[in-house]
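Single-structure report; data block below.
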Amino acid sequence: MKATVLGAAGYVGGELLRLALGHPGLEVVQATSRRHAGRPVGLVHPHLRHHAGLLFTEPDVLEPVDVLFSALPRGELARVHDQITSVARTVVDLGPDFRDPEGPGGAAYVTGLPELYRGALAGATRISVPGCMATAAAVAIRPLVAAGLTQDDVVVDARTGSSGAGGEPSRATHHPERQHAMRIYKATGHRHEREIARLCGVRARMTVTAVPLVRGVQVVAHLRPPRPVSRTEVWSAFRDAYADEPFVRLVAHRSGLHRLPDPQFLYGGNFVDLGFDVDDDGRRVVVVAALDNLVKGAAGGAVQSLNVAQGLEEQTGLDFPGLHPV
Amino acid sequence: MTVCPECRGAVSVPDDVMAAEIVVCGECSSELEVVAVTPTVLALAPEVEEDWGE
Amino acid sequence: MKATVLGAAGYVGGELLRLALGHPGLEVVQATSRRHAGRPVGLVHPHLRHHAGLLFTEPDVLEPVDVLFSALPRGELARVHDQITSVARTVVDLGPDFRDPEGPGGAAYVTGLPELYRGALAGATRISVPGCMATAAAVAIRPLVAAGLTQDDVVVDARTGSSGAGGEPSRATHHPERQHAMRIYKATGHRHEREIARLCGVRARMTVTAVPLVRGVQVVAHLRPPRPVSRTEVWSAFRDAYADEPFVRLVAHRSGLHRLPDPQFLYGGNFVDLGFDVDDDGRRVVVVAALDNLVKGAAGGAVQSLNVAQGLEEQTGLDFPGLHPV
Amino acid sequence: MKATVLGAAGYVGGELLRLALGHPGLEVVQATSRRHAGRPVGLVHPHLRHHAGLLFTEPDVLEPVDVLFSALPRGELARVHDQITSVARTVVDLGPDFRDPEGPGGAAYVTGLPELYRGALAGATRISVPGCMATAAAVAIRPLVAAGLTQDDVVVDARTGSSGAGGEPSRATHHPERQHAMRIYKATGHRHEREIARLCGVRARMTVTAVPLVRGVQVVAHLRPPRPVSRTEVWSAFRDAYADEPFVRLVAHRSGLHRLPDPQFLYGGNFVDLGFDVDDDGRRVVVVAALDNLVKGAAGGAVQSLNVAQGLEEQTGLDFPGLHPV
Amino acid sequence: MKATVLGAAGYVGGELLRLALGHPGLEVVQATSRRHAGRPVGLVHPHLRHHAGLLFTEPDVLEPVDVLFSALPRGELARVHDQITSVARTVVDLGPDFRDPEGPGGAAYVTGLPELYRGALAGATRISVPGCMATAAAVAIRPLVAAGLTQDDVVVDARTGSSGAGGEPSRATHHPERQHAMRIYKATGHRHEREIARLCGVRARMTVTAVPLVRGVQVVAHLRPPRPVSRTEVWSAFRDAYADEPFVRLVAHRSGLHRLPDPQFLYGGNFVDLGFDVDDDGRRVVVVAALDNLVKGAAGGAVQSLNVAQGLEEQTGLDFPGLHPV
Amino acid sequence: MTVCPECRGAVSVPDDVMAAEIVVCGECSSELEVVAVTPTVLALAPEVEEDWGE
């Protein structure tokens, strides 16, 4: 399939390039950037320097392709949507424009989260990948909601690396201010609360902290079950939901150093690791999910969803597992 | 096939397993102690009290 | 006052040396270390290299002093307590041995947290400084308990830097495993839950994460008030409690980059910064406290408590404010 | 080919597992560890958790295999060499035991650095991979020595991440001491000077700094040419040497942010990036090489060398390019 | 003395505020910022939050003061110099405008580096503090030049943290690009080469690397002596130069973990640590200097110079020693 | 085929290239300015003075 990446000079765009260049079913024909048109992609994304012949192109001249990935900022895909759909058979959006099925244009898009929407994705030609924190939170919380193991709201403590804010410099991501930050930039009222509610059916009371990492999202959800629960019940709920998922790993060890999901081992990989613990009185379940925001939380989720939509092997092009140590 | 006391996953225990041996659950990676044989009964191996924090 | 530091080669011990050497009322006469006895303190603590004449001594020969600070691991002070009290008029313990007033020997010790126990500290000669997470949590939670703004349990999310585990190497603090860790090493059942309950009167449902920092503790407490509350009510509760505290700063800005307490600006300083936010429906209060575990959470808390006990100006020797950027 | 990894619980061993599990021509039959025998490899190497069935085995019972990779500490392979060669047709050593062709047993081993020894590697069944700093320095310096562009000694400034020291905790790699270290642990007399001299034919006056990274080696070589040289001459020397090398990239841009090799973009990849600059008077050439010590400097170099030895496509199993940002 | 800080919202300006607020002989009357005029300094510099009453003021209305510190970007002080000298008796510039005695206005300024210019500083009312890398390099190299221990050029490898570039965000200091950077942004031709030549009398062949730190400069100079030298000769040269210096510490241990200067222990302190090693054949001397760029390399150097100029105790207001661990 | 003034690599320049256009050398990634056509002459495009440091 011929593929185009819009916003290819951005962080999500770069990750899409890496995955698409390594995907046996995809051929990158265009990688757009306004600022870098004409330059090799390796000048912006040094890990891709060996693709010397691949140059950025202007976003306003688009060739017909089988699939177009859009990694543009909020509002930008919506603005040019008609042009895009006239050149691309399949559109996969990694931005927020069409995530809300009740928002403008949203009804045409299927949610790009195979763990929850695999059925709907088969054959889809409009795919909207959820946000990285929403993906982590939904994978963590939904099975317990489904199993009746929580009440009507959930405390969600989300931690995020700096790449989640994209490639544009600002004082918030200025290195001297950010390298050692534990910055709670949104203690209440984060807009992803709504997205999580939509995906899970409970109110997420969310607090978000920017932590001293570049990649990685970790979500810690504190649930109050309606009655005391045991570890085994939680195991069952998660196993029922995810036993056959290729990209969900259950990580809830009782010994060893790495007992619960930690994003550091997921850099570059498409896994979402999922674990939990239960208070001694069974009255609180702590669920932990971790992923790489640029992969499972964006470019990897997009490729995985496309694989499902196209009937390809779901893991195609997504075999890099991550690193240890890193 | 024996059931893991932690996650209720199926644990395959070798035929010649002996009491006090340690096996690992393939599902949850718990280390399990064989507390009885014929039939095999498994229990969570004692948790190592590692306190990695302060 | 002549002063001795036990465990002076450790991280808390090193911080005690720094503070004591800069304190106009204290003269360091002994700094003990078994492994480094006879060597200059600067070999272990390079920031103290200019104190070339100060050598570590063996802990078993102790000179009579006015005050002895103990920064020994759990159990070690209790073991030699009789010997210590025979040479030191005042004992300030930074370890856990005498924190529990109902534990062995604990009744003789006053809690070294002036914000909560200033009265009891006046004239005290046995002082036990609480743990660094307990200090942060207690300062954060107690005023709201006192004001009736929470129910019977509180979700406490504590984040800690690596110096909290002391100077002994282990796989958990091995740099390649630790530099990028978001390691939830205790999701439930942390032993400091009891200490917090003692100091605050509510059950803390605590989850502790080791984060990619050397110094710093940050505690995020999620409280469910019995009825919807406003930001103003929370402001009042904290102001009533801490208006005159020299080391508590209320940080809950509605604009700017640094709106809530972040430990990065507290390195080396004795402040505990305190802030909060309230969900739109008033049903959750998020309280955030930050401090430097080796200062306000240990050595600084010890010196501050000693100042109070001795009737000195409370800020003596504790004037370093921290750094920005760092 | 059936493959065994000795020392599979170590950092190099873990990287070998990752690469071997992803290599279409290799099947991992044994991964040895004394401490973790019986446990899944994922407990130690969390990125490999999905290989739930692969358990560590004791190193003393070895099955016959086609190839055995040894990632043991100094001296340990030499100790059991007879046993190893009786079970493995091909042995690839990543440790130092057989690097010196004039040392005991060394003559039987071919140097596992295809860029310099591709011819000799064809068909080889004993391969010894050079050290990570020596690999970087040799790739950087040898072409200029060959082109007569340097005098008899070279200042080599080597910078290394913490994983270079392996998985054993020590005070040197204790996180609080290491996270912000610029520790010049060997200003002169580093033992790799000899290895570099052997590979390049000049004396390396080496200074090694431990820098605040987990992965990565960067070597900066300062050469004094016998006469003033131009950038173009240096370009020629490197192009002549490496034009067809699949894993050497020349990086010496005159604009942009990332002008010279930086290890951060090479994590997990097998590239060695190479660049340079020349003083205005042509009297100093600064050459910069960067690589991932655990990949091109160890496990990747081993797999690449094995591919050459076995007549496989040289890039097999080594297609991960690295990440940006990271 | 009444004091004003120009550019007080910047990183050097913030450090000047911290030092001036803690200096018994200084009273801060104005802290200027165009963007933040009217706001408390603590909004920008969170470590100064307890100085609630100190607000930034516009730079265009300046009150008469005894001393004015200027921490403005290149060219900005020169632009308003007449205005400044009419309100301030003493001017201490931390920028580059008057560093070159042969440049415009430079002849009136004394170099603010007491270790080299203490005599000239006595009574001075115009002080220009050298750049942070130049300070480190000059302290490292000049005694060996004076002792005839080097030839006509020196390889200078300088490493710098991100705060050296100031508080303005750019792609170069965007956290995801910077956190793990070993970015050799200037391999040759750095403009500080000239400043070092001026201070030391030899050509510095300089290579500068941005390293993963916020604070800190480390300079490694490789000198080729005209004849083989011994460690003892180098010790003598340094001791002769610096035996009585309050802020120079000689650090060249032969055992222990921290043998040579490392900026991590100098954060916030005014020390420049200095060490060295010699190749076995005596033909290369490696000199290492470390400092905090914002303190000894800027604000601390300024206060120290002012103390000397005013005949105050040189260490006044500069007693914070740094931290360990950090 | 024209030669890159930086690295002497071969640069392929489109037939219809015009003076002042910028092309990129595939070998060294330098941005090159077309300073003359027929025959094409390339020069290093002016270096942007980015000072990423202090």
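A, B, C, D, E and F label the chains in the order they appear, each numbered from 1.
Throughout what follows, a residue touches a chain if its C-beta (ideal position, glycine included) is under 8 Å from a C-beta of that chain, and two chains touch if they have at least 3 such contacts.
Being a predicted model, the structure only gives us computed values, none of them experimental.
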Worksheet item: If you walk touching chains, what's the least steps from chain C to chain F?
Response: 2
Worksheet item: Can you name the chain that lies farthest from chain A, using the mean of each chain's Cα atoms as its centre?
Response: E
Worksheet item: Taking all residue numbers at the chain D/chain E interface, are over half used by both copies (same) or under half (different)?
Response: same
Worksheet item: Relative to chain C, which chain has the most distant C-alpha mean position?
Response: F
Worksheet entry | Centre-of-Cα separation between chain F and chain B, whole angstrom | 67
Discussion item. How many angstrom lie between the centres of chain B and chain D, each centre taken as the mean Cα position?
Written reply: 40
Worksheet entry | Chain centre separation in whole Å, for chain D relative to chain A (CA means) | 33
Fill in: Whole-Å separation of chain centres (CA-atom averages), chain A against chain E
44
Worksheet, complete the sentence: In chain C, the residues touching two or more other chains are 11, 163, 167, 170-172, 176, 180, 183, 185, 212, 214, 258, 262, 325-326
Discussion item. Quick check: what residues of chain B touch more than one other chain, meaning two or more?
Written reply: 27, 29, 31, 50, 52
Worksheet entry | chain B residues touching chain D - in the complex, by the definition given at the top | 22, 24, 26-27, 29, 31
Discussion item. If we count contacts the way the header does, which residues on chain D are in touch with chain C in the complex?
Written reply: 11, 161-163, 167-171, 173-176, 178-180, 212, 214
Worksheet item: What does chain A use to touch chain C in their complex?
Response: 153, 155, 157, 159, 171-172, 176-177, 180-185, 187-189, 205, 207, 209, 211-213, 216, 218, 220, 222, 257-260, 262-264, 276-280, 283-284, 286, 288, 290, 325-326
Item to complete: Name, in rising order, each residue of chain A that touches chain F in their complex.
Response: 38-40, 42-43, 52-53, 55
Fill in: Touch list for chain B against partner chain A, complex
6-9, 27-31, 44-45, 47-48, 50, 52
